[in-house]
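Order of writing sets the labels: A, B, C, D, E and F. Residues in every chain begin at 1.
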Amino acid sequence: MYSKLYAKSAVMENEMRPLSTGSPEHVEVVDFLHLEAELLDDLREREWLSEMVSKDVVYQLPVRETVERARGRGFIPDTYHLNEDYGSLNAKVARNETSFAWAEDPPSRIRHFVTNVRVRRDETDADLLHVRSNVLVYRTRQDQTNPQILSGERADTLRREDGRLRLLRRVVLLDLTVIGTHNLALFF
Amino acid sequence: MYSKLYAKSAVMENEMRPLSTGSPEHVEVVDFLHLEAELLDDLREREWLSEMVSKDVVYQLPVRETVERARGRGFIPDTYHLNEDYGSLNAKVARNETSFAWAEDPPSRIRHFVTNVRVRRDETDADLLHVRSNVLVYRTRQDQTNPQILSGERADTLRREDGRLRLLRRVVLLDLTVIGTHNLALFF
Amino acid sequence: MYSKLYAKSAVMENEMRPLSTGSPEHVEVVDFLHLEAELLDDLREREWLSEMVSKDVVYQLPVRETVERARGRGFIPDTYHLNEDYGSLNAKVARNETSFAWAEDPPSRIRHFVTNVRVRRDETDADLLHVRSNVLVYRTRQDQTNPQILSGERADTLRREDGRLRLLRRVVLLDLTVIGTHNLALFF
Amino acid sequence: MTAPTLTPRVEQLMNQIETGLDRGLIPASIYGDPQVYQTELRNIFGRCWVFLAHESEIAANGDYVVRRIGEDNFIVVRDEQGSINVLFDACRHRGVQVCRADSGNTSHFRCPYHGWTYNTTGELVGAPLWRNAFGGMSKEENGLVKAAKVDSHHGLIFATLDPSAPSLRDYLGGMGWYLDLVFGLDEGGVEVIGAPQRFVVDANWKSGADNFCGDDYHLGTLHRSVWEIGAFPVPFRENMMGYHIQASPGHSLSFSMAPDADEPGPKFFGFPEDVAERFTSGNRISPEQLEIARRSRVFVGNVFPNFSILALPMTEDGAKHAPTGVLTVRTWQPKGPGQIEIFNWFLAYKSMSPEQKDRAYRAGLGTFSVGGSFEMDDTEPWITVGRTGRSVAAELLDFELNYQMGMPGIGIAKPVDDWPGPGITYWTRYEEGVQRNMYRFYAQMMRAPKGEWPKLTFSGQ
Amino acid sequence: MTAPTLTPRVEQLMNQIETGLDRGLIPASIYGDPQVYQTELRNIFGRCWVFLAHESEIAANGDYVVRRIGEDNFIVVRDEQGSINVLFDACRHRGVQVCRADSGNTSHFRCPYHGWTYNTTGELVGAPLWRNAFGGMSKEENGLVKAAKVDSHHGLIFATLDPSAPSLRDYLGGMGWYLDLVFGLDEGGVEVIGAPQRFVVDANWKSGADNFCGDDYHLGTLHRSVWEIGAFPVPFRENMMGYHIQASPGHSLSFSMAPDADEPGPKFFGFPEDVAERFTSGNRISPEQLEIARRSRVFVGNVFPNFSILALPMTEDGAKHAPTGVLTVRTWQPKGPGQIEIFNWFLAYKSMSPEQKDRAYRAGLGTFSVGGSFEMDDTEPWITVGRTGRSVAAELLDFELNYQMGMPGIGIAKPVDDWPGPGITYWTRYEEGVQRNMYRFYAQMMRAPKGEWPKLTFSGQ
Amino acid sequence: MTAPTLTPRVEQLMNQIETGLDRGLIPASIYGDPQVYQTELRNIFGRCWVFLAHESEIAANGDYVVRRIGEDNFIVVRDEQGSINVLFDACRHRGVQVCRADSGNTSHFRCPYHGWTYNTTGELVGAPLWRNAFGGMSKEENGLVKAAKVDSHHGLIFATLDPSAPSLRDYLGGMGWYLDLVFGLDEGGVEVIGAPQRFVVDANWKSGADNFCGDDYHLGTLHRSVWEIGAFPVPFRENMMGYHIQASPGHSLSFSMAPDADEPGPKFFGFPEDVAERFTSGNRISPEQLEIARRSRVFVGNVFPNFSILALPMTEDGAKHAPTGVLTVRTWQPKGPGQIEIFNWFLAYKSMSPEQKDRAYRAGLGTFSVGGSFEMDDTEPWITVGRTGRSVAAELLDFELNYQMGMPGIGIAKPVDDWPGPGITYWTRYEEGVQRNMYRFYAQMMRAPKGEWPKLTFSGQ
């Protein structure tokens, strides 16, 4: 099974230059990503889910290995740390709303730094925008002074639904093979 | 006294979506924040203070605790690491201009990474803009190779004074309960 | 030789405010920097070099020391970690294309977070744009969970050549005196 | 070198375990003392059989994965003859890592420093300009170092660095019967889905092992959220019904089982009905084993030291999907006294349909993984067990952990006489003898002189 | 366990302290040696009375804060009867943290792992399905572990883990008289403003303690900037006038006082005049104590091992606000040989007006806090004292620190005979006997066998 | 204090080196064992002559740089008389760092804590209000601590902390002849270009030293990429021709040299022809030394413990620039058993033109620097040598590193009888005696009692 290698994602292979950062689509996407990060950092996860996420969402965090340069980036096909749909995301949000979600109560302090946003149109579907962004997540728990810092690319697809963008697909490509934070209760 | 909890800041409660990142106000604010960070990272603190800060400034860094999710974000009311006005900021800048500010001479190397800027209009005063931004501060001293990295949100209010924006209020909401950098001689 | 001190770079001394982040030049520069970072993080170094770098490029990473505040920022004149031109950059890219570039095969995982972009026009040459940006590089190798994080300013000059911007000069001013990453095989 | 004699502090703590166990007490400091940890690396991980991989991960000749014994990397590789080799990942020339990817397929391992090249059985086969440099030197004496013994059981590959170790069969002892029950349930056996997750938690490795010996009681408090979101079908109090079994010294397990054999509710750990039917028609186990499996809602167990197995019905989204059988195995790899790297594999019975495997995988990811609703709560208390273990206060206050649940006079658990399987068995799972069994063997291994082994069977069995 | 005997290296360093003190020399390696640090955690922090909190922080029943003894967390909680309990934050079942917030108000602490629940006196009161799991087990033997002794003095809460420790009164000895002078100055006593700041500095805990014993001389160089910005009203040379006092073994302090009792300048540590008037009219102290307080510009002192007190006139903005009295206490919590966490409390006399409290708080924040103009310079040299303490060069070169200032024949400080308070007193603060007093007691505590204590009074007093 | 006696583990490993060397075997654990490292800091770095700086870095009176002996900072400063002093950077009062910049020019070092001020020879010259505070105290006894001995050789400044150390000349022994050959080649001597690079790598310091003793064989595999990009002009197999020399106990080196004296190819390490002509006309060396330099394509060597020298023809851009002579020296500064800080200096012969210096600098930066095509591959295997050195598996498996290349019966290297220089010499560089020479001396230093030194000459030489 190790002979199959993860194809570079469709978004990566897209040789199109991104839309200019001055384009209306780019502006709209950045507005979306900033609001999304604000809701998540403010622990308003329920609002994020209901207001910004599509019911058809696919949300994945694939497992990565160290492999030789010739073999690509090391993401293992069909192998995940997270593989969520709307229902399972909802279960996670609901869990945090109970009083027994010990892992994140007291909650860790989380901040999303979103940079390098690159937007590309879908070649066929005018309602879709493909977005790559870099995200750095800073996290502390209890009285930690050495933060846990995660970094990766988010390969998103946003879809216009009833006039508003919603998150249709998010693949979180972390720059790590071993997850070094105490849990993945957070949303990227 | 521990039964009182820190209300979410007015800015946080503001359910208004931020202005679009394409709006003139957003552009003006980002210009402000970039210039400000440039002056601070270049150690041009005097210029920052005199050119960009309002004489009426309130500049605070509240103390934070770990508390249960139901109790909010853990900032302790009326309790600070820093609680400055123009005069005390001026004293700090003046101190660094002496030759005896040992703590920061040789100066540590500081860089502000400003992202996720969100601008909202004040509901009543057209001269005020409320700005939330994420800031990551990277800092090294002497021959450290492991940086000190601080992260937080800045909840700012900028005021138009004589046609130019100035910093009227800054509340630095760090993602830490214990300050893990050797001093808070820096400006956020 | 230690009595000579590094003059603040010409770009730093430029008292001009940066162009507004809404200006067409700023937008064009950000488009450039985002695409550049994308190519580098995707390990498409050859395309970066051939598509985005000027044949006249000067690419430097000066050596820095801890010095007293009065002596400036501590960059040692004419002393480098990297001092590259197009030919030497090409040799590096070519080396990574061999199967024997052990240092980066398996490659480390690298991400560029580019923020605080400030663009200034050249005072005399309309084809030149001077750009300062903050860059945070996140890097892991093998199964590291504690990332190596580098930070610095890039003082760039972009030149319009045949209608497209290209990188003419890059001075990487790291916030470090001792390089704490296992090699400088990466491009900033 | 000969095994280091124990330091006075380690000696004292081991004495304290042995005298305290009869009262159900364990000194907290074994969860953090750095000398204890160093001894564990040598006397536990350096001697016991440890789990490395499942054969399905290296199905083809030349397939390899890199895994750990203690903190050290070993290559687990299937050679050209189809045999499995476990090779210390260090060049015999200067000790450089020769395998630079986490997994792959190869015919040779070439060292990047000077080019010594080894084949997949670990033999040195050459180096550049061999005659000039090394002509006359023995290749035989310079192959990669192999684990002392390698064996597998239902495709589960184990190895030990101790040439004096008993056979894997003998080491597993009674635990083998229970592994058969799970991994031999379907004729075709099991396979790994994807590749293991790896994540690091600031906890001591024994917290994971201890928990999987059969700490069922923690579900009611720590995992209370999973009932609120409908992830697990058996209520807490009902789920406490079942058996606790000390299979053989060191190895323990637990079954959730209703008192009445025909009570409704999950059977066969919740695996789908058509799968369960195949279990009944084609398997590699005895009727007694099959009947236990049939009645079981949950199987959880730990092979000493750090290999845990779990089978149970779960769902990642109770509103949409009913719980289904999930089979996961994991190792608690030590990375210092206060840190572990968890390797977490999801398994499926090979005969399951792709849809069933996908369902099981999603249910497993949503519950027993670094982002899963069960697992993320589990690691939380383990972090502070380690904190207490490291604390000077625990040392000064002689702080002991309490393992008295189910001891004579405490709670309702009772020994069972007519259990068909090996080991010491209790009915109802309000019981911590399963963990005491682990610590008793642990202390014996810690003290065992080089070349000698503690008894691997209970007296009288 | 019994207290570990000293390692040869620690033994040698303690000998070196005792022989060197007469010549004013201390081996630098005690500032970094890891064995020394381990011994300190056990013999100093594991035995001495350490400061934890002020009663005003837990004013209501059920109020709690989490604080440290050595590196370990203890819950300081006011129970339903209003008594204060100091409880080791570790569940008696498996050692898990039971108090997950830094402060709050609660009736119970419930462990997240299996649900053992304790009340605010630390008693175990229950667990889920208690009868099934633990019926028959003693609750009395399974309560949270308490500090051996707890007591308070003017609302300052101290505790010790050593059952053989003397009473707090006896431990403080002569230092009590000086604490009374500061904390009993106003009839209503003091209260904490807000909550303590916490910040981490890469220094050894003794640097803070040593400095607050009365290192007044460093102001002239290290704090020279504060005069340039007008933060402190007494010039360096004048401020060196005053008394150095070894209050009792281990505890030292220093007063800045003009030679002439009626010299103009700050009185009562700079507290506002109306406050000072209340001091004179209503207090809990003797006329001698009151007169000393009246004349004092600065009080700085350290209760061994790591509790420091400072009262002095300061301002954060000399251009706008005249200096005003600031009262701060702090602990130098050890976090390894080269790191401390500073807990920094600002206090006010309860009778002060809200405006006066705010003024004092702002002045304190601007000077003695992680972002304050005094404190940020203080930590700077301490960082490299630790570096020298850790260095192999210091060990090889037998590098000793110099504490000779004010010894016979060195400088102008002279013993004082007619001092009304307890202890050994010097006039003018060019003197390092205050620190030598700390290190003498330190070395005695480090060597003291379990159950035995060094003398707590000076011979002849 | 007296030198600590070796712990049993260190003793055992040193025995293993001494018995294993004859079979070409070294225990891997010396590359990671923390006790070994602590002993190295004391017995190797605390005693041997270590390289600190080149005189051209502190050309003017008052110029200083801060450098390391072991892990500790020393100020290397040229005083007002032009002499060079090596001063431990720790104030004699409380041990605070007195030199806060990495380099500079000054007349005094003032301590920031209390203002003790030292001149550039390290003498204490004053402190604020000296009479009040310290009047009567000896200034002589309170100067900065100096290294026991300081000396230089061709401008290369060395120091030792051991008063019993032999002279630098005697310490270098035969190695001096070869240093002369490189650094005395041009009458005007050498100078540093810019300032040293500093970078940190997670490797053990001995990996760098071992490699620079003459590990030429690794070029064929590890550095294969440099031929593909044309950075180095001599093909691998040809480059293996030359001499391996154990100059004197501990110090080793290697020359790449064609068999035929007049073979075309680089001469004088590739330095430009006009420079080479000056070498021939004006130098400080003998005709034999000159002839060796003339024929040499590469010089690489290591002065025990951690000072390495390299001269060879390189280019950063083979397409545009032909290779040119590069001269670099570096130290492998220990920072724990698994970390080094590399100080990397580029040197030029003073008489070279600015263009030639620039060319050499660019070629050096492009190859032997943290971003250079050679160096970045070198550090890669060293990282995992350290991993193996730390591993418990290496300890349990008695894992030994192999240094057999070129031993009798292995490969083609042969002793040379008629070599004009000092030391033990082999022809062809397929040989690891250069490293064995280092480890033999290493083990002797590790065991040498305080005040005693191993023999510094080979028996019979």
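Simple rule for what comes next: contacts are C-beta pairs under 8 Å (C-beta built on N, C-alpha and C of every residue); 3 or more make two chains touch, one makes a residue touch a chain.
Given the structure is predicted, the values throughout are model-derived calculations rather than measurements.
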item: Set of chains adjacent to chain D and to chain F; value: C, E
item: Pair of chains joined by more contacts [C-beta pairs], A-B or B-F; value: A-B
item: Length of the line joining the C-alpha centres of chain B and chain C, rounded to whole Å; value: 27
item: Centroid distance [mean C-alpha coordinates] between chain D and chain A, Å; value: 32
item: Mean-CA-position distance for chain D and chain C (Å); value: 48
item: Multi-partner residues of chain F (at least 2 other chains); value: 100-102, 112, 198, 200, 221-222, 377, 380-381
item: Shared interface positions of chain A, touching two or more other chains; value: 66-68, 74, 101-102, 104-106, 113, 115, 136, 143, 145, 149, 177-180
item: Which chain pairs touch, all of them; value: A-B, A-C, A-D, A-E, B-C, B-E, B-F, C-D, C-F, D-E, D-F, E-F
item: Of chain B, residues touching chain C in the complex; value: 24, 27-28, 30-31, 34-35, 37-38, 41-43, 96, 99, 101, 104-107, 109-115, 136, 138-147, 149
item: Parts of chain D lying in touch with chain E, wherever the complex brings them together; value: 12, 28, 31, 215, 217-218, 220-222, 236-237, 240, 377, 380-381, 384-385, 387-389, 391-399, 401-402, 404-406, 409-412, 428, 430
item: Sites on chain E touched by chain D in the complex; value: 1, 41-42, 45-46, 69-72, 74, 88, 90, 92-97, 110-115, 128-129, 131-137, 142, 145, 161
item: Residue ranges of chain C in contact with chain B within the complex; value: 12, 17-18, 20-22, 66-70, 74, 113, 115-118, 132, 134, 136, 149, 151-153, 175-180
item: Residue ranges of chain D touching chain C (in the complex, touch as defined); value: 100-102, 112, 198, 200
